[in-house]
Each structure stands twice: as C-alpha cells, then as structure tokens.
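Okay, got some structures for you below.
Both of the next two complexes hold chain A, though its partner changes from chain B to chain C.
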Partner chain A sequence: MTHTANDYYVPHGSHWPIVAAIAMFMTVIGAALWFNGELNGRMVLFIGLGLIAFMMFGWFGTVIHENLQGMYNDQVDRSFRQGMMWFIFSEVMFFAAFFGALFYARVLSVPWLLGMDSGFTTHDVLWQGFNEAWPTNGPGDVGGEFEPMEAWGIPALNTLLLLSSGVTITLSHWALKVGDRGRCVLWLAATVLLGMTFLGFQAYEYIHAYTGMDLTLASGIYGSTFFMLTGFHGMHVTIGTVMLIVITLRAAKGHFTADNHFAFEGVAWYWHFVDVVWLGLFIFVYVL
Partner chain B sequence: MWIRYLIIAIFSGILLSLASGLYYLVKDKGTTKRTVKALSFRISLSLGLFLLLMALIGLGVIRPHGLYPQRHPVTQPHDTR
Partner chain C sequence: MSTATATYDEHHEHGPDKGLIRWITTTNHKDIGTLYLVFALIMFFIGGAMAMVIRAELFQPGMQLVDPQFFNSMTTVHALVMIFGAVMPAFTGLANWLIPMMIGAPDMALPRMNNLSFWILPFAFTLLLSTFFMDGGGPAGGWTLYPPLALQMGDGFPFMIFAIHLAGISSIMGSINVIVTILNMRAPGMTLMKMPLFVWTWLITAYLLIATMPVLAGAVTMLLTDKFAGTSFFNAAGGGDPVMYQHIFWFFGHPEVYILILPAFGIISAIVPTFARKPLFGYSSMVYATASIAFLSFIVWAHHMFTVGMPVVGELFFMYATMMIAVPTGVKVFNWVSTMWKGAMTFETPMLFAIGFIMMFTIGGFSGLMLAIAPADFQYHDTYFVVAHFHYVLVTGAIYSIMAATYYWLPKWTGNMYDERLGKIHFWLSTISVNVLFFPQHFLGLAGMPRRIPDYSVQFADWNMVSSIGGFVFGASQLLFLWMVIKAIRGGEKASDQVWEGANGLEWTLPSPPPYHSFTEAPAIK
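Showing the complex of A and B:
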C-alpha cells in the first residue's frame, strides 16, 4: 500500500515490542535475583541489558529508516509528540515515588521514631534509645555503621558536569535552530563526553561508598533511598547518553533541519529533564 | 529556614520552565524557538541555583549533612527529656 500525505501511517507488524518486553523482564528479574544473593541473577541481568541494547539499535534503526523514507506525515508527528508527553508523565511519576519515599522517611517516619508529633509512643515504647536525625542508620542500628555521602567532592563536581552538559545541549539546540550543523554536532559531542564523564565519576563514587564508607543498599533507609534515587538517575543518564550518541550521528548526517527535528528536541528535552532530576537529588539527598 | 524556601522557590521556577519547554515542544512542533528559549531559561536558573548553593555552603549559611564526614555513630544512649 502506498502512502500519501493524508494517510495515517499504520506500522507494519513489528517484533521490537516483544523483544523490549522480554529484555526488560529479564533485566528486572536478573537485578532482583542478584540483589537477593542469587549468583545466576547477574548473568540474567546482563543478558537482559544486552537484549535492551540490541532492541534499541534495531528499533531506532527501523524508525529512522521509515522517517527517511517519508512514511511519516503530520499526524504521525503529533503522535510522536503526544507519546513523548505520556512518557515524561510516567517518568515524573517514577521519580516522584522515590522522592516521595525520601520525604516520607525524613519528614514523617524518622521524626515519629524520635518521638515528635503523634509518634511519641513509638519512641517511648519501642525505640527509647533512638535519637538520631537524618542521615540515620535506623532504630536498633538496622543499617549498621556507615559514613554518609559528602556533598563536596564528586557529587558537587558531577552537578557541575551535568549542568555544563545542559549548557552544551542548549548551545547545540540554538545552532540547529540557526542552521549551523557543524556547531550543532560539536556541542552534541561535548554533551556526550560530559554525560560519559558523569557516569564514570558516579561509578567511582559507588565503588568508594561500598568499599571505603560501608554505605550500601542495606544501610537502612538512608542507604536504600540514596542508591535507589542516584542509581535510577544514573540509569536515565546512561539511556540519555545512548540517545545523544544516536542524534549526534544523525545530526552529522544531516537528518535534522531548523523546522523538522523532533528526535533532536525530544532527546534534548529529556536530557534537560535528567539534569533537573539530578539537581533535585543534589539538593534533597546531598545538601539539605 | 527562609533560605530553604528560597532554594525550593528557585527549584520550582526551574521545574516550571522545563514544563513550559515540553508544552512548546508538543504545541509548536519545532517551528518556533519557544522550546529552546524555555530550556535556555531553565539552564540559566539551574546554574544560578548551583552557584547560590555553593556560596551558601562556602559562607557556612547551610551545612550539608555529609559535609564533615565522620564515621556514622552507633545509636547513642537515650536522651532523657
């Protein structure tokens, strides 16, 4: 069937959604098994991650190919943008859950354990010896001994790195809007480099936390919220970096124009979102 | 305490400018500069907030909980109130 500008493009039967579902299932199950001490879990996790990489490569390729073939009209463009909106809504809810857990622990449950507000009986009857504010290893030392993560040093440096990447992606965006492909690609490449450096520092920070500070996922509510928030954020930076690499190559090939560049704008906005989430983390996890 | 409210107010401004960027992305379909302008405002505010935080920490106005690292103390004896 040929497509005209007025036809809505109906995608062909695609195997990528089922590949994505299997890949994500394996990744999550693998991670859960690994964290619960099942050694095969790590293997399942890595197979899942490999499948995700394979799926992203294949699915992105299909969409880019279809786009270049001129199969997408204005209506499809609208669908992409609405899809982006719903995707971001789910992302906001995702991070809201983890920030919510942090707020609940810091603002409600720890003060209750300390005997504030209506929680005085909890303190007096159950945890009389508990008198620690945030960061805490919990009543009864459930989190063991650990050192809380400093705001100075790597976290502050990583904040500066991500904010710089926000500046470079914005410069690239402006270059694209004025039709300067060279500078657009250059600033995109700089953004990729800054994203990778951020990830390298975060990996170093995690290794240091586990080996030098005894701060682990099992370090009570502080350790678990710290790793859940920063870990899932790191995962988003990884995905964002992969997408940035894709649009850098696409920009270099001349796939985008000043008025037609949804993929670029979608990835750029996503990168700004990841940047803002980090700023929230820096403020609420490390500083305040 | 007012410093906390100031930080949260600036952070809310950042969230608003980011959200407006998404709105223009969906609405304008790449034909205007409103998305890139909103995102430029967002990054400027973010840089400003970061510099403010660094200055406040440097001046000792706010003290991050992990700034002076020490081994996390084990539970101390009950504070008799």
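Showing the complex of A and C:
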C-alpha cells in the first residue's frame, strides 16, 4: 500500500473530546445548581467554563499545528468547510425558534388576548379590560409599566456598524487572497473594533433599558422576546469577536496563505451570519 | 513501499490503544459505533425497566405499587430515555459503523468531533436520571414537557433541561459528521444515486436533526427562563401563550418521529433484497419518497394538537398534510413487498424481523391515519389508542429495525455468526408478546381509557391485564437478545466475508471482522 500526501488524515485518539464532555457537564451542573439557589454552583460553573476555554485552546491548537504541518489535504479542508456550514445552519434554526416565538406572540397570541378571531371568549371571560396592542407586557401587566425600545437611535447606529464590519472583513479577505498580509490584518483589526463598538453600544442600551426605561427580561412577552433575541445575538457577536481576535493574531503570525485559510473563512461566514440575524432583529424587534 | 508506510504509521497503520483509554480517546468510527450501540442497549434496558414498572402498576385497577407522581415520572422518563437514549444513539451507532464502510471511506469525516458526540451522552443521561434523587423527583409532566405543568417540577428541573441541551448538542454534532461524511467522503464513482438506501435515509435524517434539534433547544431554553428569569413566553398574563410551547415543541417533535423511523427504512431496504435475492424494487422512488416524507414532516406538526384550540383552517390544513404522508410511506411498503415478489426467499432472523417490521409498522401507520382525521381525533386524543399507535411504529418499527440490523451486521462486526436458533426464538417470542402487549391498547383507547394515569375504571381491567402479561413476556424476551449478542461477541461459528449469500454492498467486501481502518485505499465502484 502506498501513501501519498493526498491521504485523508485520520487522527489517532485524542483526549480533548473527553475534556470537552467533562467541561460541559460541569458547566451545566454549576448553572443548574445556581438556578436552584445554590450559590456554590457558580464556582462549578466557572471551573466548567474555564475548562471549556482550556479545551478549546488545546483542541484548536492541535488542529492548527496539524494544518501548519501540511497534514490536511483538500478533502479534509472541505470537511471543515461543510461542517462549519451545517453548524451555522443549526444556529439559524436556533434563532428561528425565538423569531417564531416573536411572530406567534405578535400575530396570534396577543391579538387573541385582545379578542380577535377565535380568542373572543378568552378575552371576554378572562381578560376583559385588556386593550394594549404590541408592544405589550400582557393583560397581567407583568413586570410593570415600561417604555419600548426606539429603533432609530443606537440600534440604527449598530446596524450601520455591523454592516460596515461585513464590508471590512470582505476587504480583509480580498487582501488575503492577493497575499497582502498587512492590509489583511488591518481590515481584520477594523472588523474587531466595529464588533466591540457594537457590543459597547448594546451594553449601554441594556443598562439604559433596565435603569431608565423599566424594560427588563421580565417585562411580559415584549421584554422576553426583546432580551432573549438581542441577548442571544449579543452572545454570538461576543463569540464572533473572540473568533475574529484569534484569526487576527493568526493572520499576523502568517498562518494563512492565499489558498489555505479555512479558519479565516469559517469566522467570516459566522460573522456574516451574525450580521444577517441582526438585520432580522432590527426589522422585526426594533422597527416594526 | 515499506518506507512509505513507515512515514505514515503514526496515524494510519496503527491498531487500537489498550484498555479503557482506547474507548475514551478513540477517533475510530467502529469503536465509536460500538460505544453508541452498547450505550443504546444499556439505555434500552433502563427504559425497559421503567416500562415494566408502568405495566405492573396497570396490571389491575386501583393503586398497586408506586405512587402517582412516581408513575408519572416513569412514563415521562421512559419516553425520554427510549427516544434520546436508546433509539437515536442506536441509529447513530449503526451510522458510525456502516456509513464509512458502505461508501468506501477510511473513517468519518470529523473523527475527533465524533468522539465528543458520543461522550456527551453518558453525561447527559447521568444528569437526567440523577433528577430522581433530587427534591421533587424526576420529570413527571410527560416527555413533551408542556408548560405550565412541566414548570412545576422540583429541583431536578434545570438538570433535566440541561440534559436535553447536551443530548441535543450531541445529536447535532453527530449529524453534521454524518452529512459531511456522506457528501465529502464517498469513494470515487460512488455517486449519490448509487449509495445504499441506509446512507440515503441517514443523510436525510441528519438534515432533519440539524434543522430541528436547535428548535427544541430554543423551546426548553424558554422553559428555563420562564421558570428562573421571569420571562413570559408561555404565560398568558404576560402576553405569551402556553400553546405556543406546543407549536415550537412539535415543530421539533414531528420531524423527530421521522428521525426515529427513516434510518429504519434504510435498514429494511438493505435486508429485504438480501434475503429475497433480488435487487431492491424502485430504488430511486425510495429515495424520492424519503425526501418527500422529510419535507412533509415539517408541515404537519399541529396534528399533535387538534384538541388544543386552533382555527378550523389550521385543523384542515394539518389534517390533509398529515394524510399526504401516507403516499410516500405507501410507496415504500409497496416497494418492499414488490422486492419480495417472486424472490428466492429465505427466513433468517434479520429477514424475520424485517418482515415483522413491514407488517406491524404498517399497522402503526394505519392507526396514525385514523388519528390524522381531525374530527375523529377528538375522541382518540390522549387515550391508549395513541399509545398503541406510537408503540407500533416505535417498538415494532424502529426497535425491530435495530434488532434486524443487529442480527444482519453482527457477523460482520464480530466475525462470528450469532446463534440462529436463539435468534428465531427471540423473534417469535417478541412478536407474539409485543402484539399481546400493544394490540389490546387499541381497544382500551377506543373505549376511552386515558393515557398517563396510574389507575383506571374497572371496565378496562381485562385488556390491561392481558397487555401487562404481554409486556412482561416482551421484556423478558429481550434478555435473550442480550445473551445472543454477548454470545456472538465471545465466539461462535466464523462468518465469511459476505456473510449472507445474497448480500450486496461494499461492507461485505471487507473481511469479517473488518480491519481497524475500513478503506485506506478507495475501493473500485461498479
């Protein structure tokens, strides 16, 4: 049997997956204990999260090392690419559940509570005085009076920021493809900066909502959908920014070549995905 | 040649590690497939023990053995364990073992992630089962976890939710691996329309999993925040709606039932041609039927909710869409029967289970059609008729296909033939007892016996006792299966490479048992 560099690389055993499984186990046990009011759970949670970070350094480090050694052929590269695409598809479906909840509440459950369509008995028997259309915290006024979030301030600015970050990462990709490492790193750094500015604004918006507008996670269905959608999105922007920082450093170290830079493209796709989700959020959560 | 081999032996020409470390760190598709299958078998017996508790309690009217809360957690966790712990991991185990061998690949596409997909599962189910020992006990609101009932669970609640999250992450990663393996790792010449149907059905199943498991994750995340963070997704006072949970859940839940049966279709489509000694009838129509079922599975979810309150146009849409699934499913049953038509048939144990599958899955399919009729469903909803229906498709459907697959490929995996006499006894005992177990439940349901209740009126007593007796015999028969598997692993008559006279496909060209790495060199495809 002869081997060529074209063989599909199959790694021999790895201890990282079991570290990952234990780390995830600890993380969720810690979180569950914390939810149940056991404050010691936080310790377990943070150890779990620390282990996850450690695992990622180790696991991804191994993969990067193998890649730099030239152990991966085009077919392995394709596996990574397809894997990343399907992962992003699963993320799309995760957001779809929350968008679905938003649409259901706005198109069906709130109008039914108002007595429309087939909801008239519910309205007459249970919630007679209820007459608040969207944005609402429901007939029980859950969470108390609040002020809904305005679209044309910070959120509009954030839209601009994220859209431009989509442009800068593409410029960086173009630079990488012609082998201009300096410009590649520069545009990547600009993307990181835009991402961080977005997160800063978002944090400011949250603080303002909680302190100045009485808008909280507990403000009925409006607060629930607003914070869960923007919150999960913000979490993804944070993860995306960390990923961007990693590839910026890797690009600066010269890890990427014009025709071998899966990590760069994976992160770029992820970033565009986060971008598109934001557009959905901006339209359906803020504007409409 | 030897030097070339030497430079690569670090990662290619090695055997497995020794001892426990082999199983914990393995990246080999066969090792991981074995882990999945062993795990599934363990969970099958844990879930089965819970079923025995349920049938023992229902042996006679009145309260017999356990208190109602514990009974409810038995029905709930029996379902969660059987679905997420037994059937799904068993199919993933089969996918791991077989897909690389069937498409001529050296291994799965992402071997390290493959290991992680498996090793999350024991932790997830430790979490789930640990809730029994917490304040408030295990989940008892039904496996569908409808709020507000599910939210009344005790300290175990967040542990159960996170168990579902972890199991979901595991299946998503497993599915990504399956899809990428199928799309990227086929040997040259193995075009999509030459793939064995098991590979096709798994490709579509994996797509369904990636599309729906994140939706379940979203739904249970909303449960979690409704309980702990003050959100109002399922609280009408806050503008939400408990029925919204049901919609989100069943958007996952309905494709999920096809996740539990499509790989079974693939298995049956492999076994029937072998023992009929004829090629599969209507290969391409099988592929299109599978794809149609997958598509339809996304637009029928509310047939689980006919009685919950829905506009009439919704009832009608979901009723007709559901009935349409009978068409591609009928195509499949027709093709299996046509494959057997005028075949040179023999009836070894895998074939017996496959024929059992075709007959009894069809019964389950027909009772499903009855349930799909919205006006009639108002009578059947939440009765034992539903229980009978989904046990016919899951036990005599999904589980039977897994049994058939085990008998069919075990000689390939272990190199040893199983005990044919024992296999036949297992089949007949199971098939007679499973019908004694579930068929009377149709009558009970039509007579109005509600599901998930530990006690019942005396007019239901006779059939319940019959059903319980069938249940105990069925449970005991599965110990035979365990014994048969252990026996074949430990030794027995050596199997040839092809094992079955009529078997076709790349996996049968490898030795029995196959080498640690399947195809280090791409095989030639006819």
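Following the convention adopted for this analysis, the second predicted complex is superposed on the first by the 245 of 288 C-alpha atoms of A that agree within 3 Å, B and C clash if a C-alpha of one lies under 4 Å from a C-alpha of the other, contacts with A are read in each partner's own complex, and residues count from 1 in each chain.
Rule of thumb we're sticking to: a contact is a pair of C-beta atoms (placed from the backbone, for glycine too) under 8 Å apart; a residue touches a chain by one contact, two chains touch by 3 or more.
Because the structure is a prediction, the values reported are computed rather than measured.
*Asks:* Thinking of the overlay built on chain A, is A:G266 touched by chain B (first), by chain C (second), by both, or by neither?
*Replies:* first
*Asks:* Does chain B (first) or chain C (second) touch A:W174, or do both, or does neither?
*Replies:* After superposition on chain A, A:W174 lies in contact with chain B alone.
*Asks:* For A:F35, is the partner it touches chain B (first), chain C (second), both, or none of the two (neither)?
*Replies:* In the superposed model, A:F35 contacts chain C only, not chain B.
*Asks:* Taking the superposition as given, does A:G223 touch the first partner, chain B, the second, chain C, both, or neither?
*Replies:* Only chain C; A:G223 stays clear of chain B.
*Asks:* Pick one for A:S118: touches chain B only (first), chain C only (second), both, or neither.
*Replies:* Touch partner of A:S118: chain C, not chain B.
*Asks:* Is A:P139 in contact with chain B, with chain C, with both, or with neither (first, second, both, neither)?
*Replies:* After superposition on chain A, A:P139 lies in contact with both partners, chain B and chain C.
*Asks:* Who wins on chain A residues touched, chain B or chain C?
*Replies:* C
*Asks:* Please work out whether A:H15 is in contact with chain B alone, chain C alone, both, or neither, and reply first, second, both or neither.
*Replies:* In the superposition, A:H15 contacts chain C only.
*Asks:* I'd like to know which partner A:I283 touches here: chain B for first, chain C for second, both or neither.
*Replies:* first
*Asks:* Counting contacts the way the document defines them, which residues of chain A are shared by the two interfaces, the one with chain B and the one with chain C?
*Replies:* On chain A, the residues that contact chain B in one structure and chain C in the other are 78, 82, 137, 139-140.
*Asks:* Within the complex, which stretch of chain C touches chain A?
*Replies:* Result: residues 1, 4-5, 7-8, 10-12, 14, 17, 21-22, 24-27, 105-107, 109-113, 115-116, 119-120, 123, 126-127, 155, 158-159, 161-162, 165-166, 169, 172, 175-177, 179-180, 183-185, 210-215, 217-219, 221-222, 224-225, 227-233, 235-241, 243-244, 247-248, 251, 309, 311, 517, 520-521 of chain C touch chain A.
*Asks:* Spell out the residues on chain B that touch chain A in their complex, using ranges where they run on.
*Replies:* Where chain B meets chain A, its residues are 4, 7, 11, 14-15, 18, 21-22, 25-26, 29-31, 33, 35-36, 39-40, 42-43, 46-47, 49-50, 53-54, 57, 62, 64-67, 69-79, 81.
*Asks:* Taking the complex as given, what residues does chain A use to touch chain B?
*Replies:* Contact set of chain A toward chain B: 77-78, 81-82, 84-85, 88, 115, 128-132, 134-135, 137, 139-141, 145-152, 156, 159-160, 163, 166-167, 170, 173-174, 177, 259-262, 265-266, 268-269, 272-273, 275-276, 279-280, 282-283, 286-288.
*Asks:* Within the complex, which stretch of chain A touches chain C?
*Replies:* Listed in rising order, the residues are 1-3, 7-18, 20-22, 24-25, 28-29, 31-32, 35-36, 59, 71, 75, 78-80, 82-83, 86-87, 89-91, 93-98, 100-101, 104-105, 108-110, 112-113, 117-118, 122, 126-127, 136-140, 142-143, 216-218, 220-225, 227-228.
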